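Just below sit the structures, each encoded as C-alpha cells.
Each of the next two complexes has chain A plus one more chain, namely chain B in the first and chain C in the second.
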Partner chain A sequence: MLKMLKLATCAVALLVAGTISSANAGDTLTIGLATGQTGGLAPYDGPAIEGFQIAVDEINGAGGIGGNIMIKMISKDTRSDAAQTSIAAQELLEMGIDILVTPSDADPAFAAAALATDAKVPAFSPAASSPTLPLMGGDFMFANFPGDNVQATVSAEWAYGEGFRNAYILYSPDTQYTTLPLYFSDVWKVLGGTVAGEGTYVMGQQDFSAEVTKIKALNPPVDVIMTAAYEPDFPAFIRQLRSAGVTAQVIGSDGIDSPTTFSLGDAGDGVVFSTAGHALPGSALEEFNNKFKATYGRDADTIFAAIGYDLMKVIEAGVLAAGSTDSVAIRDAVANLENVQGVTSVITYKGTTGMPVRQVSLIRVKGGDRELVAQPSPTASLVPAPRMQ
Partner chain B sequence: MVKSIVGTGGFVVVMVLAALIAGTIGGSIERTLVVFFISLIAVLGMGVYSGNSGILSFGHLGFMGLGAYLSGILTMPIAMKQMTLANLPPFLATAHFDLLGATVIAVIFVMVVALVVGIVISKLEGSAATITTLGLLVIVHGIIIGARDFTRGSQSFFGVPRVTDLTVAAICAVLAIIVARFYKDSVFGLKLRASRDDQLAAGAMGVNVRRERLLSWVISAGIVAVAGVLIGHFLGAFSVKKFYFVDTFALLAMLIVGGMATVTGALAGATLITLVTEILRRVEGGIEIFGFQTPQLFGTTQIGIGLIILLAMAKRSDGLFDRLEWDEALLGGWFAKKEKIVGDAPPEHKPVPEGSLQASSITKFFGGLKALDQVSLALANREIVGLIGPNGSGKTTLLNVLSGVLPASEGETLVDSQDVSTMTSHQLAGLGIGRTFQNIRLFSSLSVRQNVAVAALNAWPKVSTIVANEKVDMALEAMGITEFSEVQASTLSYGNQRRVEIARALALEPRFLFLDEPAAGMNREETDSLMDDLKSLCDRFGMGILIVDHDLPLIMRLCERVVVLNEGRVIAEGEPKTVQKDPQVIEAYLGHKGSQQVAEVLSD
Partner chain C sequence: MDSDLAVFIQQTVNAISLGGTYALLALGLAIIFSIMGMINFAHGELMTITGYTLMYCGLAGLPFYISAPLAMMVAVVSAVLMERIAFRPVRGGSPASMLVTSFAVAIILQTLFQNLISPRSKAVPLPDVFAHSIHFGELSIGINQILSISLTVVILVTLNWFLRKTILGMAMRAAAEDFSVARLMGVKANAVISGAFAISGALAGAAGVLWVAQRASVDPHMGFVPVLKAFIAAILGGLGSLTGAVAGGFALGFIEIYLAAYLPDHIQPFKEALALGLVILVLLFRPNGLIPAATVGREKV
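After this line comes the complex of A and B, so read on.
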C-alpha cells in the first residue's frame, strides 16, 4: 500500500511538473506541434516535422529568429485522430504556445483550428491541401501547400493540353482531400472535356475490381483517369487497373508523393501527379535534400520534409515581419506575407484566405524515378472556389 | 440500502474534492479530470451490463458514438450545420437544443436502439453474446460512416460547442455512480448477479435471465450514451475513429483491471489507466528530467495500457478489487450487524395448497441416446418420494426435465391439471417447483442471505422486499443456517452449502421440492440431522418432496414411496421394503450374479 502511495505521489508530481516547466520565457517563440507521429498520417507528418526540426536547428544555431528570438518546440502525438488532435491542441494552447502546428490532413486539423482561433494563436498545417481548411477553420488557420483546387486545375490543364478529352474520376468521400478529383471534374468540363464516369471507394478498401471493371467497360474508352487516392489504396488500384489492361493516363496528387509510388515497377510507370516541388539540379530543394541526408543519414524521399522546412521559414518570416512573438501580430503578419523564399517554392499569403499561392510541380514516374513534367501556373479564372464536399 | 448509500457517498465526497482541487489548479489537470470523469461514466455504464451479467461487451462504444453524434447535431449552431451538414433533414437542420435537452434526447434514442438490439443479444449466452456485441460495434461504426448526411462519414465531425466543463462532467459522473451502485444492489441487480454466478441455478430459482439482461443492457447503454454526449461536447471535433477499437480497448482495460463486478473496481481501473495514460502521453513526447531530455517515443501509451492489462490479469484475474465494493471490504462487518433482522419469531409459512404433479410417459433423447424412456411419476403434497437407480439411470435427467432445465422429447407434465411441459425453468419456479443440484450450484460471489433472497424475490405471487426478507429468514432458520447469513456462500463447508441450496429452494415457497443428492459428501451425523430437517419441512409446510440419493438407508427411512430407474426406465415403484426386495432392483444395482447371492441371503 505504501509503495502504491509513493507511486501515486510520483505520478502526480510528474503531471504537475509537466505543466509548470512549459511556462513561456521572454525571448522565446514556443511552437506546439500536435501532429500524427503514429497512424495513417505518419508518412506525411513524420518527414514534415523532421524537416521542420532542421529549420529550427538552423535558426537557433544562428542565434534565433532575427538573432534574438530562440525557438522552442513542444511535440505531441495525435495518433492521426481528430479527437486526440483536439486534446493535444488544447493542452498545447494551455501551455501558452505562440504557434500551433496541426496534422497534415485537413480533417484532424479542423479539430485544432477552432481551438486555435478561439485562443487567437496562429495554426499551420504542414501539408493539408484542402482549401476549405483555412476558409472554415477561422482567421488563425493557415495551410502551407498548394490547394486541392489549384492542383486539380494544373492537372486538368496539362491533361487537356496533352490532347486527352475523355476522363474518369475516382474519389473517396471519406476525407476532404480524397475528394480532390471533384475539382478536377469541374475544371475539365469548363475546358471542354467529357467526364465519362465517376467512381467512389472507401479508404482502405484494397479491392478495386468493381471500379476497374466499370472503367474497362466504358465506351468510348477513357484516356485519362484522375484520383487522389493514396496509400494503401493507390498502389492497389493502379496494379489492378494495369493488370486489367487499361492503359489510360493516370493522374494523381500529392498524397502519392512517397517512396512506394516509385517502387511499383511497371504498374506505376507513367503515372503523373501534382505536388509541391521538384529538386532540379542546383535548386534550393536539392540543397535541402542534401542537408536532410546529412542530418538523418537517409534520403528525404518525399516532398513533405521540405514542406516542413518551408513551414518554419514562413513562421520565421511572419515573426520577423511582426517584430515580436505576439500571436495576433504574427497572424496578421503571416496573412500579409509575400514572396517568402522556401526550398520548394516562393510562397505568398497576401490576398488569400490562408491557402498560400505557391508553385505546383507535375511529376511523372519513370523507371522508378522522378521526371519533372512541368511547373505551370494555373489559369486563375479556372480555379474552382473551395467547397466542403 | 444503507450500504449503497454509504458506498456511493464515499465516492461522491472523493470526486467532489478532486473536482474542487482540479478546478482551483485549472489547466491540464482540470482537463485530465474531465476526461477521467467521462471515461468513468463510460466504464460504469459498461460495468452495469458486463459486471452484473458476466458477459463482456465490446459494443458499448457504439452507443457512445451514437450519443455523441446525435447530441452534436442537436447542439451545433444552425449556421454551422448549414455549412458542414448541408444535407440534414429539415427537422434536424433547424433543431437547436442546449446540452441538457440534447442529452435527454440522445440518451432516450440510444436506449431505444439498445432495446431493439438487446432483444437479440439477451437471448445469447457467454461468448456468443460477446462476439455479437463486437459485431454491433462494427455495424454501428459502418452505419456512422455510411450516414454521411448526418455524420460527415469518416471525416471529422466538428463545430460541436465545447460546453462540457468540470462541473458538468463531475455531476454526470456522480449520477452515473449512483445509478450503477443502486442498480447493482437492487432486486434486479441481485437477480442478474445470481445469473452471472450460475445461470442454470438462477433460472431454476425463478430468475428470468433474459429479461434481467435486457434491462441492464438498456440502462448501461443509456449511461454510456451520456459519456458519448459529454466527450463530444468536450472535444468539439471528433471522428468515428473515436468510437472504435482503440477506445474500446482503453475502456475495457479500465473495466477489467479494476474488476468489472463492482463500482469500486470501475473507479479504481479508470483512475489507474488514466494516470498511466496521462504520464506516458507526456513522457512519449520527450520531457526534461533533471536537465536531461528524454527521447521521443511515440506509441508508448498503448503499449503501457497493454502491459497493465497483462500484469493485472496475471496477478489478479478478477481485477484489483475482486468482487467487493470498498465499503463491503472495509465496513463489511459493521453492515452485517446493522442489517441483521432481529425477530425471534419468524413468520409462519402458510401450508401450500393441495395439488399434484403428474409426469406421464416422459421420454428424453440426447442425440441417439434414450436417457428417459416412457417415465411416469406422480408426486402429491406431504409426500416424500425417493428416486433411486444406478449411476447413469436417468435420475438427474428426470429432475432436469421436471424442473424445466431440459425440455422433454416426448410426454407431458401436469401441475394440478395445467400442462407445464413447455415451460422454462424460471416459469416453473414461479409455479412452485423448487430444486437443488447434484453438484452444488450456489451463487458463489453472493452472501448466503443474497442467495436465498434471489429465490424469495421470485416466489409467486410477487411480494415486497420486506416480505421477501422475512421469507429469507424463515428459510435460513428452517435449515439452521441463520448464523451464516452474511457469509459469502462459496466459503461455507460442503454440508452447509447443501443446506443453503435447500434454503434457497425453500424461499420459493415450493409446492414441490426436488432434491438431487442432498446428503452427498455429508457424514452420518450430518445426514441424520438433514433427514430430521427434511421430515419436519414436509410436515410443517406440506410440500411434496422428490429426493434423489445414493444413500439407500436414508431413502429407505425417509420415503413413503420409492421409484427405481434403470437405463431410463421405471423398473420398480412402491414402498421401500417391497422395492428393496424386488429382484429387478437388486439385479440393476448388483448385476445378475450378485442378485442371485442377495436373493439367497434374503430368502434365508
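After this line comes the complex of A and C, so read on.
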C-alpha cells in the first residue's frame, strides 16, 4: 500500500514538473549536448563546447535570445562512441530538449541524426565536415563546417596553381571524414593532374613505414601528398615520411588543426591544411580568441572553439527568425538562414541541403605557428557531389 | 641495386623494426602469464604512464637521454605497485577474476589520466633527430627504427642472461615450470611475482618510449591498440612461452608490413582483416601457437 502511495506521489510530481516546464517553454530554449568530451573526439568536441558556452553566457547575460528566451544546456559525454551517442541523444530527447548538438564527427553524429529527425528536433554537429551527414541524416540534421568536398576542392585548386602535378593520396575507409582525399583525387584528375597512387591506412595503425616506402619508391616521384589523417595517425605519418627523405608538399585537412601539429618541429614545417578560419589582426576571430583566453585562462589553440561559438550564433539566428522555441519552426528557419555573421565566417544555409556555405582558409605550419596561405572560394563546378556510401 | 629488391629490403627492415616493438610488448604479457596465468590488460596503461612521464620531462626541459630511462623506471615502479595493490589480493583466484581485475585497473588508470591530466591528446616534445634517418645507398633507416631494433636486441639479450644466470631469473623459470614445486624448493612467491612485474614494466616502458617516439603525442587511451597487438602476438607465438612471444611479435610485424607493402591498392582496405585471417590460419595448424609453452594447461599459483 505504501509502495502504491509512493508511486502515485511520484507520478503527480512528474505531472506537475511536466506542466511547469511546458508553461515556461516560451522563455527557455533547452539545448541538449551529446558530445565526445572524452575519447578520440575530445580534441574537437572539447574546445567546441567551450566556445559554445561562451556564446550561451553572452546571450543569457544580455537577457536571452531576443531579450526574452533564456538558454538552458544539458550536457552528456558520449565518450566518442557511436552507441553511447545514440543512448545520450535518446535520453536528451526524452527530456524534451528543443535542440540537439551531436559529436563533431559524422559517424557518431549519424547515430543521433535519425533519432532527432524522428523526434522532429533540429540537430547540429559542431565540426563534422562530411557532406553526406545532412543528406543521409534527415531534414533535421545540420552541419556547421565547410564540407569535405569543398575543402578538397580548395586544396586541389591551390596545389595545382602552385605547379604540382603528380599527387598521391592516403585515406582510411574507417570513417566518412578520413575518405576526404578521394574528393581531392576526383578534383585533381579534372584539373589535369595525375594521381600516382591511392594508399589506405587503418586508423590508429601508427606504423606507416610500409606506406612511406611505397611512396618513396614511386617513379616519377610525387610532388604533393594529400591525407585527412589526424591524431595520432598524422603526426606518426609525417614524421616517418620526412624521416625517409620524402620532401613532397603535404596537404591535410581540418582534423590536424590541433596543438600537436604545431609542435612537430622540422617534420611538421611546411604542411598546408584547410580549415574553417584564420585570426587575422583585427578580425572577429582574433577578438573571440582573446575572449576565450580571458574566460579559460589559456589560448584557444584550435579553430574548433570559435566553431562552437558560431554554432550558438546560428542557433540564435534561427530562433530569432522562427520567433519561438518550437523545434519545427526553428528547423525551417535555420534552413533559410542567410549571411549569419559568425567569428570564423559568414554562414548561409539557404539553398543548401544542410551543409552551410562558409569560407575555407588554407593554413601553412611555419616555425610552429600558423601562416595564412589563402582564403579562396572554390570553383563551384569543380566541387564533387557528396559520395554516398 | 635493383629497385624492387631495394624496396623489398627496405620493407624487411620496416618489418623487423615493427616486429621488435610487438615482441617487446608480447614479452611483457607473456612473462606475467607464464608465472601467474593472468593476461594483464593494464599493460598498455604502463605505456601510457611512460608517455606522460616523457611529456612532463619534456616540459621540464630534460634531455631525451635522461627522460627516456626515467620514463622506463616510472613504468617499472608502476608495474610493481600495480601488482602489490590490485593483483596480489586476487592471486590464486580464477583466471576470470584476474582478467577482470586487470581490465578494471586499465579503466581506472584511463579515467585518472583523463580527469587529472587531460582528456585531449598532449604533444610530447622530441629531439628533431627522431625525424631523421641514415641512408645506405637506396636504403634509409630512420633513427626511430635504429632505436627500436637496437633496444629490442639489447633487451632480449639482457633478459636471456637474466633468466639463465641469476638466482631470481632461475627462480622465475622454475616458477613458470611448476609454481608449487618451486615454492617447496624455497622460492619466494612474492619475490618472483614482483620481479616478473618489474620486468614487464621495463618492457612496457621500452615499448612505450618507442611508441611515443613514433607518434609524438600521448592520450589517455593510447595503450589500447598496442596491448591488443601484444595479445594477438602472444597468442600467435604460444601463450606463456617467452620465445614464442618474441616469435609471435616478429611474425605479426612481418605479416602487417608485407601485406601493407604488397597487396594491390584495391584490396588494401582489407589488410587488417587479412592479417588476422592469417593469424587464425596459423592457429588452425598450431593451436598452441608457433612455439608453445612446455607447461600449457598446468596449474598456476
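Here is the rule we go by: the second predicted complex is superposed on the first by the 362 of 389 C-alpha atoms of A that agree within 3 Å, B and C clash if a C-alpha of one lies under 4 Å from a C-alpha of the other, contacts with A are read in each partner's own complex, and residues count from 1 in each chain.
The criterion applied here is as follows: a residue touches a chain if its C-beta (ideal position, glycine included) is under 8 Å from a C-beta of that chain, and two chains touch if they have at least 3 such contacts.
Because the structure is a prediction, the values reported are computed rather than measured.
**Student:** Which partner does A:E162 contact after superposing on A: first (chain B), second (chain C), both, neither?
**Tutor:** Neither partner.
**Student:** Quick one: is A:F110 in contact with chain B, with chain C, with both, or with neither? Answer first, second, both or neither.
**Tutor:** Touch status of A:F110: first partner only.
**Student:** So in the superposed three-chain picture, is A:T38 touching just chain B, just chain C, both, or none of them (first/second/both/neither)?
**Tutor:** It touches chain B and chain C both.
**Student:** Considering only the touch criterion stated at the top, classify A:A82 as touching first (chain B), second (chain C), both, or neither.
**Tutor:** In the superposition, A:A82 contacts chain B only.
**Student:** In the superposed arrangement, does A:M136 touch chain B (first), chain C (second), both or neither?
**Tutor:** The first partner, chain B, only.
**Student:** Figure out whether A:T260 sits in contact with chain B (first) or chain C (second), or with both, or with neither.
**Tutor:** Second partner only.
**Student:** In the superposed arrangement, which partner chain does A:P173 touch: chain B (first), chain C (second), both, or neither?
**Tutor:** Touch partners of A:P173: chain B and chain C.
**Student:** Quick one: classify A:E287 as touching chain B (first), chain C (second), both or neither.
**Tutor:** neither
**Student:** Considering only touches as defined above, state whether A:G199 meets chain B (first), chain C (second), both or neither.
**Tutor:** In the superposition, A:G199 touches chain C alone.
**Student:** Could you give the residue numbers on chain A that contact chain B in one complex and chain C in the other?
**Tutor:** 37-38, 173, 202
**Student:** Could you list, by residue number, the parts of chain C that touch chain A in their complex?
**Tutor:** The touching residues are 3, 6-7, 10-11, 14, 17-18, 114, 119-123, 125-126, 128, 130-133, 135, 140, 142-145, 211, 214-217, 219-222, 225, 256-258, 260-261, 265, 268-269, 271-272.
**Student:** Could you list, by residue number, the parts of chain A that touch chain B in their complex?
**Tutor:** Interface residues on the chain A side: 8, 11, 14-19, 21, 37-38, 74-77, 79, 81-83, 85-87, 90-91, 94-95, 107-108, 110-111, 114-115, 136, 173-176, 202-203, 388.
**Student:** Under the stated contact criterion, what part of chain B meets chain A in this complex?
**Tutor:** 27-29, 31-32, 35, 83-84, 86, 145, 148, 153-159, 231, 235-239, 241-242, 246, 275-276, 278-279, 281-288, 296, 298-299
**Student:** Given the complex with chain C, which residues does chain A contribute to the contact?
**Tutor:** 37-40, 42-43, 46, 173, 197-200, 202, 204, 206-207, 209-211, 213-214, 216-217, 219, 231-232, 235-236, 239-240, 242-245, 258-260, 263-267
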